[in-house]
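Next, two complexes with chain A in common: one pairs it with chain B, the other with chain C.
What follows is the complex of A and B.
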């Protein structure tokens, strides 16, 4: 067992241009300040990739990072993240994933892997106790994710494979990096960055274990966390029984389920694509990531395919957003996304955008809302950049701009919005508009407060004071992404448990408030990164449809997103100026004094 | 102008605190953080009978005319908001918990509900236990790690994302202290029913 608490203390640096690999110690001051995962990734990306770097050039880097809790055995401590400059949005990006790969990478004795440069020919990286090798991947290039993963010897929790599919090889801006077969670092196009480096896969095998400083306290935290996860109906019943797709009916019932490219906020076919329908007709079994007692993963089967998913966001993107109520078609589209290595949210929502453009006669295609029969073929065409798929492959904003209607892209900062309509959940709209990686529900989520009543229900239409909740949940999400654990744990267990688990593992006392302050630090640094890239207040916005077109019917009838007053309050509450720039006072308070000049 | 939805929350929690016997007629105070503003009960207003004009809005960090009317504990509330993730604060005088705070440095519940929700509640002491910067600083420091803290001989300060949540911790503490009191009165040997119970005292 590693003698340090939580961190392994090493960074592995691989230069694909030169073929050199090297190790260096992790800067422990930096680790204490940013923890790991997304936080450490953002901090390192600040130094590594400046505004002059094209996301798909060899100068961009991929920073794979674990956190101090990864691999410790704490509930859901299987996760890791990749940080890079996003080809989809041009913003700072991190995407994180579960499964086994993150835990296994940490067992190789490293906290961080930086991949830089570009190989001349397709290669894959193998990190084993014997050493690090860069191997020929020419025979693997072009292969879909399942075949690549199988060929490279994926073996549960012993040998784990991370790779890109055809979409990443073809630099789709929606390309995911896939791990353990069907898990994905999905959003923002990290798969395209990996493809641009001619890097097909990274295989890990490890033997080391992270150290835990206070074993007794850690065991108590394991016990208490397990108790709470078992007690919560969400984490002990809803998610295990139905998966994340259990949210379909819940969100639809309150009139916040975007439908037909956000033309409506309730879908008449929601029941047919719900968690209940999935469980009844297509579920084969449940599955779980390493060290996860929740087990929200579905394995589903149709006449044509069998595999993991679909998640709620996926079923919504190919379902309600495309006006499709055929769950089998959605499962098959999800499966194809996994094979191609595509982000399901962006892919589904881009197809929905294309459907609207086609219905308006702007796009010459047979795509129409409700055309379930076209979904799988369209996903495959996007993955291979074939026919019209080539136009969709870089996301809805580029597609809609090409046809002169950027307003029909349901995105923020170029990232497609997920399955919650900001007109029916006012806080969610503010959250999307201010999300540092573009419209995203994993940068905090108002679902708990505005719909589920976690920890207590607040009024979803309330505008005054909404910024406080959004900021707190953005900060909490940032720190959870830096630990790195699964956000579903937070549906049953409060942050104070994570702080105590972190303290037990590292031996460093992190009061709950101080741990959440780490999240605030990360959020502010990411904001500075985006400002350095040229993003400004005008980019903190939502599609015009959501600001101007009232929801036509249902429980949110008549509402638009009241973003402007919330945004004004948000900047002030964040300690930012009226242009959304962090003030010197705020930066000093967060220990980001070195960035004061950059903010000016 | 304070949103009617926000006033409703104050009115309901204020009434519940009074009816639960956790404050005297004019005691206690509650507040919410709204962005960079704080909404707090007017000084001298009755929590059990709040009217819209009993809510005072002022800056989180900056003073304005609102401070002339705000609760005596405004300083404590502001300090807590600036130093912790709190978005709402409930300060009340749960009498059984106050009684226990006179003889203990921490309250470690023995009942299942409070063990589950609170684990342990620290007691902080301050010579001037009302409205002073020293008290505010001590409270805020403790609330970095705990969601509810007792001020010796005075009352509890609970934080949450909503008033509802902070009230939940407050009422749980008082209920737990009443159970502790009853168990002491029964005066029979305690049968430990919780696995790893020693962990609560170290929370």
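What follows is the complex of A and C.
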């Protein structure tokens, strides 16, 4: 067992241009300030990738990072992240995933893997106790994710495969990096970055284990967390029983389910694509990541496919957003996304954008809202960049711009928005507009506060005062992404338990407030990165449809997103100036004094 | 009569996804719904209050933002009852 607490203390650096691999110590001051995962990734990306770097050039890097809790056995401590500059948005990007790969990578004795440069021919990395090798992947190039994963010898607890599919090879800006077969680092196109390096896969086998400084306190935290997760009906019943797709009916009921490219906010077919319908007709079993007692994953089966998913966001993106009420078609589209290695939210929403363009007579295609029969082939065509799929492969904004209608891309900073309509959830709109990686709900979902009453209910139409809740959720999400654990744990366990587990593992005292401050630090550094890239206040916005077109019917009828007053309040509450630039005072408070000049 | 729609595990307890319920308020309608069904009652009620995390909406509006369990209901109203659920 590693004698340090939590961190392994090593970075593995692989240069695909030169073929060199090397190790260096992890900067422990940096690790204490940024923890791991998203935080450490953002900090390292600041040094590695500046504004002159094209995301698909060899100068971009992939930073795979675990956190101090990864691999310790703490509940849901299986997650890891990748950080890079996004080809979809041009912003700082991190994406995180569950499964088993992160745990296994930590067992190789490293906290971070940086991949830089570009191989001359397709290669895959193998990281084993014997060493690191760069291997010929020409025979694998072109293979779908499941075949690649199988061929490279995936075994959940011993040997884990991370790879790209055809979408990443062809540099689709919506390409995901897949791990353990059907898990994904999905949003923002990290798969394209990996494909641009001619890197097909990374296989890991390890033997080491992270150290735990205070074993007694850690065991106690395991016990307490287990008790809380069992006691909470959310984590012991709701998520295992129905999975995330159970959200379909409740979000639809309040009139916040974006429908037909956000033309409406309620879908008449929601029941047919709900968690209840999935459980009744297509569910095989539930499944779990390593060290996870919750088990929210669905395994579903149709006449044609069987596999993990679909999650709520996927069912929405190919469902309500496309006007499709055929759950079998959605399951099959999800399966194809996994095989191609594509982000389901962006892919579904880009197809929806194409459907609207086609219905308007702008795009020459048989795509129409409700055409469930076209979904699977469209996903495959996007993955292989063929026929009309080539036009959709780089996301809805590029597609819509090509036809002179950028306003029909339901995106923020170029990232397609998820399954909650900001006109029906005002705080969610602020969250999307200020998310550092573009339109994303995982940066601090307001679903709990605005719909589910978790931990309390706030009127979803209320505008004043929302910013403080959004900021708190964003900061907490950032620290959870840096630990790196699953946000569903937070539904049964308060942040103070994470702080106590972190303190026990590392031997460093992290009061809860100090731990959340890490999240605030990460958020501000990401903001600075984007400012350096040329993003500005004007980019903290939403599509014109959501700002100007009232919801036509349902419980949110008549509402638009009232972003402007919320944004002003948000900047002030963040300690930023009126243009959304972190002030010197705020940066000093967060220990980011070195970045004051960059902020000016 | 007002329609009560049930979701998630409540459907299993009720044996149905939608039931007509009698009552001038949400409280009365839910009491009517749970009559003779102890499993459903246990899933929705804790004493005289709603069980924690159970959400009730009338025409898409959470009753907590109206008059709680005393929210009046009209004959053509749609009441939706959700058990504890979570997602992302």
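Convention: the second predicted complex is superposed on the first by the 600 of 600 C-alpha atoms of A that agree within 3 Å, B and C clash if a C-alpha of one lies under 4 Å from a C-alpha of the other, contacts with A are read in each partner's own complex, and residues count from 1 in each chain.
Here is the rule we go by: contacts are C-beta pairs under 8 Å (C-beta built on N, C-alpha and C of every residue); 3 or more make two chains touch, one makes a residue touch a chain.
Quick caveat, the model's predicted, so the values are computed rather than measured.
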| item | value |
| --- | --- |
| Combined model on chain A: chain C and chain B, fit or clash | fit |
| Chain B versus chain C as contact partner of A:464, first or second or both or neither | first |
| Partner chain in contact with A:254 - chain B first, chain C second, else both or neither | second |
| Chain B versus chain C as contact partner of A:514, first or second or both or neither | first |
| Which of chain B and chain C A:67 touches, first, second, both or neither | neither |
| Partner chain(s) touched by A:475 [first = chain B, second = chain C, both, neither] | first |
| First (chain B), second (chain C), both or neither touched by A:310 | neither |
| Contacts of A:211 with chain B and chain C, given as first, second, both or neither | neither |
| Distance of closest approach, chain C and chain B, by C-alpha atoms in Å | 9 |
| Shared contact residues on chain A - chain B and chain C | 459 |
| Contact footprint of chain A on chain C as seen in their complex | 5, 7-9, 11, 17, 52-53, 55, 57, 59-62, 64-65, 80, 82-88 |
| Chain B to chain A touching residues, read off their complex | 2-3, 5-6, 32-36, 83-85, 87, 116, 119, 143-147, 160-162, 164-165, 168, 195-196, 199, 202-203 |
| In the complex with chain B, residue positions of chain A that touch it | 217, 219-220, 223-224, 227-228, 231, 449, 455-456, 458-459, 462-465, 467-469, 472, 475-476, 495-496, 499-500, 511-514, 516, 569-570, 572-573 |
| Residue ranges of chain A touching chain C (in the complex, touch as defined) | 233-235, 237-239, 241-247, 249-250, 253-255, 275-276, 311-313, 441-442, 445, 447, 451-454, 457, 459, 487-488, 491, 554-556 |
